[in-house]
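You will see two complexes here that share chain A, one where it goes with chain B and one where it goes with chain C.
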Partner chain A sequence: MTPDRHQLEADLLEFVRARGERHAAVTSLTDLIESGLLDSLLLVDLILHIEESCGLRFESDDINPSNFRNMSAIVNLVLGQLSVPRR
Partner chain B sequence: MDIVLLQRDNPMAGATATAVRDAYHAPALTTAANLGTAFLDVARERANHPAVETKACAFSYDWMLRAADCVRRQLCARPGHAAGARVVLQLANSPEYLAAFYGALLADCIVVPLPVALEASRREKIHELCGPDVLISRAEDFGAQRTDAAIATLRLPADNGGEIALAAPRRQGRDVAMLLFTSGSTGTPKGVMLSHRNLLANADSILRALPISADDRALVVLPFCHAFGNSILQTHILTGATLLLHGALTFPGSIVETLGEFRATSFSAVPEVYGMVLKYGRLGERPLQTLRYMAVAGGELRHDLATQIADRIAPAHFYMMYGQCEATARLALLPPKELRRRRGSIGKPIPGVELAVRDEADRELTPGAVGMLCARGENVMLGYWDSPAATADVLRDDGWLQTGDLAHRDEDGYFYLHGRANLLVKVQGHRVHPGEIEGMVEAGFPQTHAVAIPVAREEGTRFILFLAPRDGRAVDVAQIRATCQRELPSYKLPLHFEVLDALPLTSGFKVDRAALSLLVPRITRPVA
Partner chain C sequence: MKWGFLDRAIPDRKLPQNNRFYLHAPSAGQRDPTMVWGTEIDADALHSYLRERNRNGRVVITAAHAVMRATALALVEFPEMNVRLVGRRIWAFRAVNVRLAFAHRRNNDIDVLIVQDANTKSLEQIATEVWQRLLEAGRGEGRRERYLTGMRRIPGFWLRQMFRIYFLLDRHFRLPVVGNLDKARAGAATVNDLSFPGAPPMRWYKPSRFPDPSDSLHLTLGPMDSKVVARGEHFASVNVMPLIVRGDHRLTDAHQVGRFVAAVRNLLNHPERLDAAVPSPTTASASSESSAGVPRDRAVAAHQ
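The block that comes next holds the complex of A and B.
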């Protein structure tokens, strides 16, 4: 069962916006890396949150700057993972 | 307080330092009296060798020496400048950090390095405690902070390319060189006073325990304002080696790539970083030709993860280390060949350091018995700044420091940790007291009772904040959450906020933290 794109994006945006004052204005296209908003702690928490809430496991190749550049890219990554069954 | 913002151009390409493999040997640190002059001695000898490399360019020891002298002159020229003045550094890892650090020491100041992203209330409290005379920062690190202080800009390095008159600082030996602010056992900030001797002695101990040499290239992810990061900085600079500063390295894969790309010979990090690198970093898929060793400290790394790292980086070595900022930085090391035999051990004391497990009456315990881990040596702090009572709590007249960690020793003299004797928790190498979070919340919401409980996950330790009303009025979770988000740095930000009707109490009517810990799995594990 693939979640609705808008619902997933809203959930992930809420998660990231809850990180602090500077994160409150994040939109789906905010560059999380250039802006310095994505630190290693947020990356870990985001990965864990997605893995737990969507029931998937990321692999090394998935965790890279282009997949985590902005919320839209992260949503694409998650939807891609959910639609392609993995080992 | 004066504010000085540092500015610099990148050194010209023609001046880019080239590594020379000569028979350089670092000066004897056992006899050095001032950390600033020890740096000067190395910098003159290693003039053309890169002290720092960023992605853009290299900064030679000569550049560093000139830049540090520039800072020294600026500080000495202040009206009323006096030895022992406190200089706060608000600088991310950068060439400027080194210039400011050694420049301040050469001007007979006490350096107070603080994290760039420190919650405003804590920064204010620390400023109140140590009364800084000068704050040194960079525009990008200072940000839009409100201030009514005069702001000067200092361009590095000095524009005159000629000889510089070398400074002869007067402070030495047991004079305070730096204050490292950390959380005391009650959660309020405490300034660990480290003397010139403390810093030199611990660097010397580490250099005798780890194979650091003048041609080393250490990839740095630890902030220099942290005890572990500071010890990476001092040991490499005092050896004439090179520090590689390649940005945030948020992605585990980029750490491994950068190690290869920039021919790093060593890497040191806290346990959480190794967890991520193992899971997502592709460590060991391609050999890291230049890597000599990796080291971990600043928290406990699970044994199975440690052996995995060791396997994946062989023939490079993996060192487990243990330390704390009250002892300057590092205290113990587990030799790589003992990693599998001494499961979970933090190793033996490094040269110049004594460790012992003692009971409440300060008597040394026999092997196998669990008690307070204590440390003694030239690296043990002078005490906490302006807090004789807090100092007396941890520092005995005979020179033994109580680490606050419970431990036992085996028959062969290897030490093993058994958790904390107090509520302090390590999060990504930062020592956090639950009271720091609780106090911040209760100050803003006095009608709410807040208790922060640590949760250990595979990815590291974080907090859950339990909230209960004091007077029956509803708890405003949204407002409390917003306040935490605004005030707390990310590693202190609770992962969950859980409201209870009342907090469980022990038979002594204190908050039952153990009972709250038992509630944690129900909260963090979603129903599948």
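The block that comes next holds the complex of A and C.
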């Protein structure tokens, strides 16, 4: 079942905000890459969290700046992957 | 099975005498060949470049990827740094392979990955390989993960005995690369990115020496910090990142380390130079025999 967009966004925002003080004010439109908030540790953790909670699998080609620009883009990526029929 | 070195060791008589003191001195002489050179790079230039690349790029590129590429290019410029000890002989690596220490998220551990022929790969290619390995490690996938899982199960006593035998053989014999674990040792340089968010200012750092004679060079990038500099009659605040490089006096000397560090620093201060033309694999393999692994001033001697 495809998760609700708002639910998914809330879950991912909570995950990122829990990172620490610097991440506490992240919103769905915060530019995570320009701001330097999305470092390699958080990026890998976020991907693994999404893979585990949504049953997806990302490849290195998916680690595209446009896919991880902000939370809204990440949610779009996840929903897009979920909408692709899997064998 | 793969032989990581060029066919012949660098003749002892061709080594600088000062390095030979360190190389041949007995342990009782309490020699300490470790050299550490700390400098700073222009963080504004590097981060501005990375932001630009990440605006329209195909893969997220980080400072770690930039340092790996800079290290590879500097090793091409200074092939005499792309070496390691086996016993008391110095061997040049056949290829310019660069290692990266990374946080293994699944095991809350540190592991090392290697990008082979890093001098022939673009920043995007290096980044793609690194992300692939980080994801594999996080998922616990891949042959290396199976080896590491197996090793974690070995009791400490037996692990010590295994290390004794393995490193004894590695120190004294020119071994081929046969397994997934020793594949990661097929390079002279290790990069460590400690510029994570929240890291305290790095005033000084001495990179540790992994019990692995391949670990000839170690480059650590520290967190960004601001400093005030004088520019003519004015003061300006600039952002810098420390770059700490560890070298081995049995293999090189401080002057050479300084030149190598200057080359890496220059590339990171002018990161557009990291986009230097990536040679084709045929060009790279032909040049690696003559430059990447063989010291320029020892090229003739190594092949005699």
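Simple rule for what comes next: the second predicted complex is superposed on the first by the 85 of 87 C-alpha atoms of A that agree within 3 Å, B and C clash if a C-alpha of one lies under 4 Å from a C-alpha of the other, contacts with A are read in each partner's own complex, and residues count from 1 in each chain.
Note that in this section contacts are C-beta pairs under 8 Å (C-beta built on N, C-alpha and C of every residue); 3 or more make two chains touch, one makes a residue touch a chain.
If you're wondering where the values come from, they're calculated on a predicted model, not measured in any experiment.
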> Which partner does A:63 contact after superposing on A: first (chain B), second (chain C), both, neither?
Replying inline: both
>> If we overlay the two complexes on their shared chain A, which of chain B and chain C does A:53 touch? Say first, second, both or neither.
In response: first
> Thinking of the overlay built on chain A, is A:11 touched by chain B (first), by chain C (second), by both, or by neither?
Replying inline: neither
> Looking at the overlay, what does A:34 touch: chain B (first), chain C (second), both, or neither?
Replying inline: second
> Which chain A residues contact chain B in one complex and chain C in the other?
Replying inline: 20, 33, 36, 38-41, 43-45, 47-48, 58-60, 63-65, 68
>> For a test of understanding, state which residues of chain A touch chain B in their complex under the given definition.
In response: 18-21, 23-24, 33, 36, 38-45, 47-48, 52-53, 55, 58-60, 62-65, 68
>> Quick check on the complex: what are the chain A residues that touch chain C?
In response: 20, 22, 33-34, 36-41, 43-45, 47-48, 51, 58-61, 63-65, 68
>> List the residues on chain C that touch chain A in their complex, please.
In response: 47, 51, 54-60, 62, 64, 102-103, 105-106, 127-129, 131-132, 134-135, 138-139, 193, 196-198
>> Can you tell me which positions in chain B touch chain A when the two form their complex?
In response: 248-254, 272-273, 276, 279-282, 428, 457, 459-460, 481, 485-486, 488, 490-491, 493, 495, 526, 528
